[in-house]
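Shared between the two complexes below is subunit A, which has subunit B as its partner in the first and subunit C in the second.
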Partner chain A sequence: MDAHKDNSPTAQDSQTDLPRNRTQAVRDLKRRFMRNDILFSALFFLAMLAAPLFPDVKGWMLSQASLVIIYIIAAMGVLVLVGFTGLVSVGHGGFLAIGAYTSALLTLHLNVDLVVGIVAGMAMAGLIGAVLALIFLRLSGAFMAIGTLGFAFFVGTILNNVPFFQGRDGILLDANHVLGIEIGDHGFYYVSTICLVLVTLFVFALVNSGTGRAFMALRDAEKAAMASGVNRLKYRTLAFTLSAAITGIAGALNAHVVNYVSAEVFADIWYSVDILMAVVVGGSTVIFGPFLGGFFVVMLPFFFEQLADFSFILKGVVLILVLRFAPAGIMELLVRPLKNARRRRLRKIGGSMAAEEAE
Partner chain B sequence: MNEHLRCEGIRVSFGGVVACDDISLTVEKGKIIGLIGPNGAGKTTLFNVLTRFQPYESGSVFHDGENIDALRPHEMVHRGLARTFQNINLFKDQTTLRNIMTGGHSLMGDPLQAMLWTPSARQKEREIEDRALEIAETLNLTSELENEVGNLPYGYQKRVELGRALASKPSILLLDEPVAGCNDDETAELQEIIRKVNTELGVSVLLVEHDMKMVMKVCDYIYVINFGSNLAQGTPEEIRKDPEVIKAYLGEEEHV
Partner chain C sequence: MLGQQILSGLATGSLYALTAIAVVVVFRNTRTINLAQGDFAMIGAFLGIIFLKDWGLNYFAMLLLVVASCMFLGAFVERVIMRPVADSDWLTLFTTTIGVYYILHGFAGWIWGRDTKAFPVSFDPTPVELFGALVSKGHLYNMGIALLIGGVLWWFFTKTKQGIAMRAVTDDPETAHLMGIPVKFIVTLTWCMAGAIAGFIGVLMAPIIYVSPEMMDEILIKGYVAAVFGGLYSFRGAVIGALMIGVAENLAGGYLGSHYKTSVAFIMIVVLLAFRPQGLMGIQQRREI
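== the complex of A and B ==
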């Protein structure tokens, strides 16, 4: 600190010299960065909401856009678990299916509102997630991955074989309605987008709270987290529950995007793999990672339509390339320069000696 | 005697090797207690018993006179017992500020309120942050608050870990070799900080340490263990003169 005082002749520098002033300057700058992020995100979501105003955006294109959003929401659930808590799940397709069937069956038998269906799907997936967490969290690493995969298969088997779920015939639903008003493709797109906004807001609040800090502490150094008073089982159970609930929202939406659920779709293990892949490819440490990943997973087959069945291979190739060259995901790669620049500025204002060394 | 933390008849064995055999020790309120002994004497094992990271076969641990045998590691900090690790154990990719704030986890309250940013949770979050900033100032870390701790030199990391422990407002600090691997300047600085924490905040300290010079200077009372048993105890003066201690240490040096 003293050495730095000697090196700062200008009036402005001497003003920021006191540690307290510096700390305040750092705080202000961080707040400004956060404001910029929020502003950018708000513009992005506004653009999403405005997209259907273009006359070309309708029908298939619109439901495809809704599907992308659904995948993003599902991937957000996985992000909480894989990215921020350091746990692996290869079976989130199971929670997607639980959300979908909960909402579909409620709509079929009780003709509930779409919003009620979504909330119910979320609650049911979260509830089952909480119970399963008590089993899965006793397993570690690869065993947990296998356990969750087993769960997805289990759900698939139930859907296929228990008559109540109508197996491969599926359940056909009436048109969606919100607050008694029937909504079409446009309305559904708005509902999905609003869900995405709410989920994104929630995940943002979560990772920027003490709860998120506890998740990340467990991810980065378990013993140090425990020494800090983080109850491992409690926080992991919470992370797993939240993760399942978020994916449950996606599931409920997925049931209503085509108003049809069937075991043929939801018992498919590739669902789980796709969701996980959206996170890994998009980015597991940045909130906007799943946005890119969800888009990639849903749209890739369409960009290479002629290749048809080869899209699986293509996905595999992309996955390998990402893991090799951008292990934290493509979004992380894109925002890294910005992140680094911000960090450098914060360090410099804070008076870090490491920053001074670098200059 | 005003006891703060006490263990009695602790026995731990790993397979056939007995690491601790009937060890007893008392940390008095407001004092700095040293725990020393030659390599392999069972210091770290005993330390981990006291912090509940290591299960033991027999014996008991008491905090404020209350038996805490059943406590789990993460519950210790909520009772005011904070610890550091022998090999630095930090959240390396996170900034200094976040590391210290994580240490304040026990002050956070309900996780559901915290993640929803309720007014009371935000208030607590601000308190945790303010406290972290204060600690950073005490530990001379203010300049590195926004630096990832993985980038920091060793001596800084040691201080960040101390900061994380302090963030929980502990009444007793358990430090496992706080100056191991530090150079003379860093050792002197940490020594000063430990003394400051003890005198200004009234925090009791238990120190496991190899650096004899530092232990003799900083501690009010010292326990010496050897081959998993109590060897001697007393003030630094008494320990310096104790023939048993001299034998244990000189004996070790003769072989070197």
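== the complex of A and C ==
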């Protein structure tokens, strides 16, 4: 925004007559920013991987952390849809349940490996997502939200009533195996962290690829994008499928974090609402938004364990305040100064064009 | 048997229809899908218990007080929570009502507990013969009240100044504003209306499904689905959709087994949307949403 106000002649000239060495300098600076981002993210994930090595860390902390990670992954799935494609799904709890039950049933009946379970959960959720996309993508905005909410509700009734899924009694699973080796809380934490890293890398690569740009073009200027040859149906179906598949991973992990699935948990449509809320509170425009949102959504009830209802009220109040004062999410609020600082530095060197490009 | 199923389906459907009307009223004027709609009714049902048991009021005084309180609740939510974000996109509005949902839900759980409570007035199952089919008195009563509310709403929207002003705001808020219609007041009125309808739903539903913080979740979803049938815009479509859901659900419950009762709404909406994305009544979406 600031860049537009800057109408001094130098800023305008620089768009066309950027000297070679200045172009080079801008490119170097951008590369450095990028390198810093990657370095920071890598350090963050390394810290996550190293955390269990501390002597005070107990098993329950790790399974709680795994739960946070699961929510983050689920929210990542919604982020692809809500943040980068501009479609709103309130039914991702349904995909979470599909991933969870696919993996749980395979483990129960065929005794498959955890890794196979996760891949199967992802594939199944993606497949069903692709089919449902054909229905839901005919809808726009609010209609789609209600349709997807109906989907989550439908999955809930199926889980509750079809005997194969064992309803509220649930399915109890054996301990988790990875490559034939039994893993405990520590092992599971590593598995979920690795899933999170892979998902984050995937989303990052997606957003920065041509496909991701097509998503965003459809979000920001649907007609212009279509006129430029972006196939709306193809890209939106793809976005919906990928989003469902990512949430399916979270579902499969969710089935194994306590080795138990039941309709009591997964039939609850407010699961879907919670995931959407994680994205909205954390920030739907930044990849690290769901990290904050997932942490918030899982840890708030955890801190107020004795006062479950109070945590509900607090959740609502925080959500309303965030929407009022930081509509793009808390994470966006946190990174905004950083972005502004970067833009200022770029503008100092390269003029307004480069600064706008950095947005 | 068939007639009976259809009649009791219409009775349930008429309550869905009220929910759907409340959803449509709010959506038309504020572009908000109100997720807290069911919670207004839930709070109303809890208040009904208090008014009947602790205050010892009779049924009609209770109904009046509940409706008034829910109206106030609706107005309060609009003024305090929704108005500051009124100019945002629909996702923000929608998620804000999720916040309201959480607050009301937590509030009810905190004060009245999470257990399911019986409503002091019980559902009257005495059968009455109507068009050769047996219906319970309770269903008949619910249908009657729903019809009455429907009639009052129709009168309000076609005959009164406020109702016509409300429709003007729906069609074109800016022109309505230029014509001297107090748009903000009308929006508050919209939420009052949603609250009042919710009050009725709460009191009518409570004897059937009992009272708990989660009581309205399922009905709300069906109300939404019915609202989508009318393109989120048409009252007539919403009512027809709601009655269809009620009947289809009851038939499925009677002939296929009660397991499949609740899935019907989703299957219906999928079939409908697959063929008519703009809703049953064929009203084009008038706004870019």
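We take it that the second predicted complex is superposed on the first by the 329 of 359 C-alpha atoms of A that agree within 3 Å, B and C clash if a C-alpha of one lies under 4 Å from a C-alpha of the other, contacts with A are read in each partner's own complex, and residues count from 1 in each chain.
Convention: contacts are C-beta pairs under 8 Å (C-beta built on N, C-alpha and C of every residue); 3 or more make two chains touch, one makes a residue touch a chain.
These numbers come from a predicted model, not from an experiment.
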In the overlaid three-chain picture, which partner chain does A:V162 touch, first (subunit B) or second (subunit C), both, or neither?
second
By the touch definition at the top of the document, which applies to A:I269: first (subunit B), second (subunit C), both, or neither?
second
Mind working out whether A:L338 is in touch with subunit B, subunit C, both or neither, as first, second, both or neither?
neither
Of the two partner chains, subunit B (first) and subunit C (second), which one does A:I320 touch, if any: first, second, both, or neither?
second
Is A:S228 contacted by the first partner subunit B, the second partner subunit C, both or neither?
first
Once the shared chain is lined up, is A:I146 touching subunit B (first), subunit C (second), both, or neither of them?
second
Going by the contact rule set out at the top, does A:L346 touch subunit B (first), subunit C (second), both, or neither?
first
Using the touch definition from the top, list the residues of subunit B that touch subunit A in their complex.
51, 53, 72-78, 82-85, 89-94, 98, 101-106, 108, 111-112, 114-117, 121, 124-125, 128, 133, 137, 140, 142-147, 151-152, 164-165, 167-168
Contact set on subunit C toward subunit A in their complex:
27, 31, 33, 35, 81, 84-85, 88, 90-92, 94-96, 98-107, 109-110, 114, 217-218, 221, 224-225, 227-228, 232, 259-260, 262-263, 265-267, 269-270, 273-274, 277, 285, 289
Subunit C touches which residues of subunit A in the complex?
82, 88, 135, 138-143, 145-147, 149-151, 153-154, 157-158, 161-162, 269-270, 273, 276-277, 280, 307-320, 323-324, 327
Residue numbers on subunit A that touch subunit B, as the complex places them:
1, 4, 19, 22-23, 26, 30, 202, 205-206, 209-214, 216-217, 220-221, 223-232, 234-235, 238, 343, 346-347, 350-355
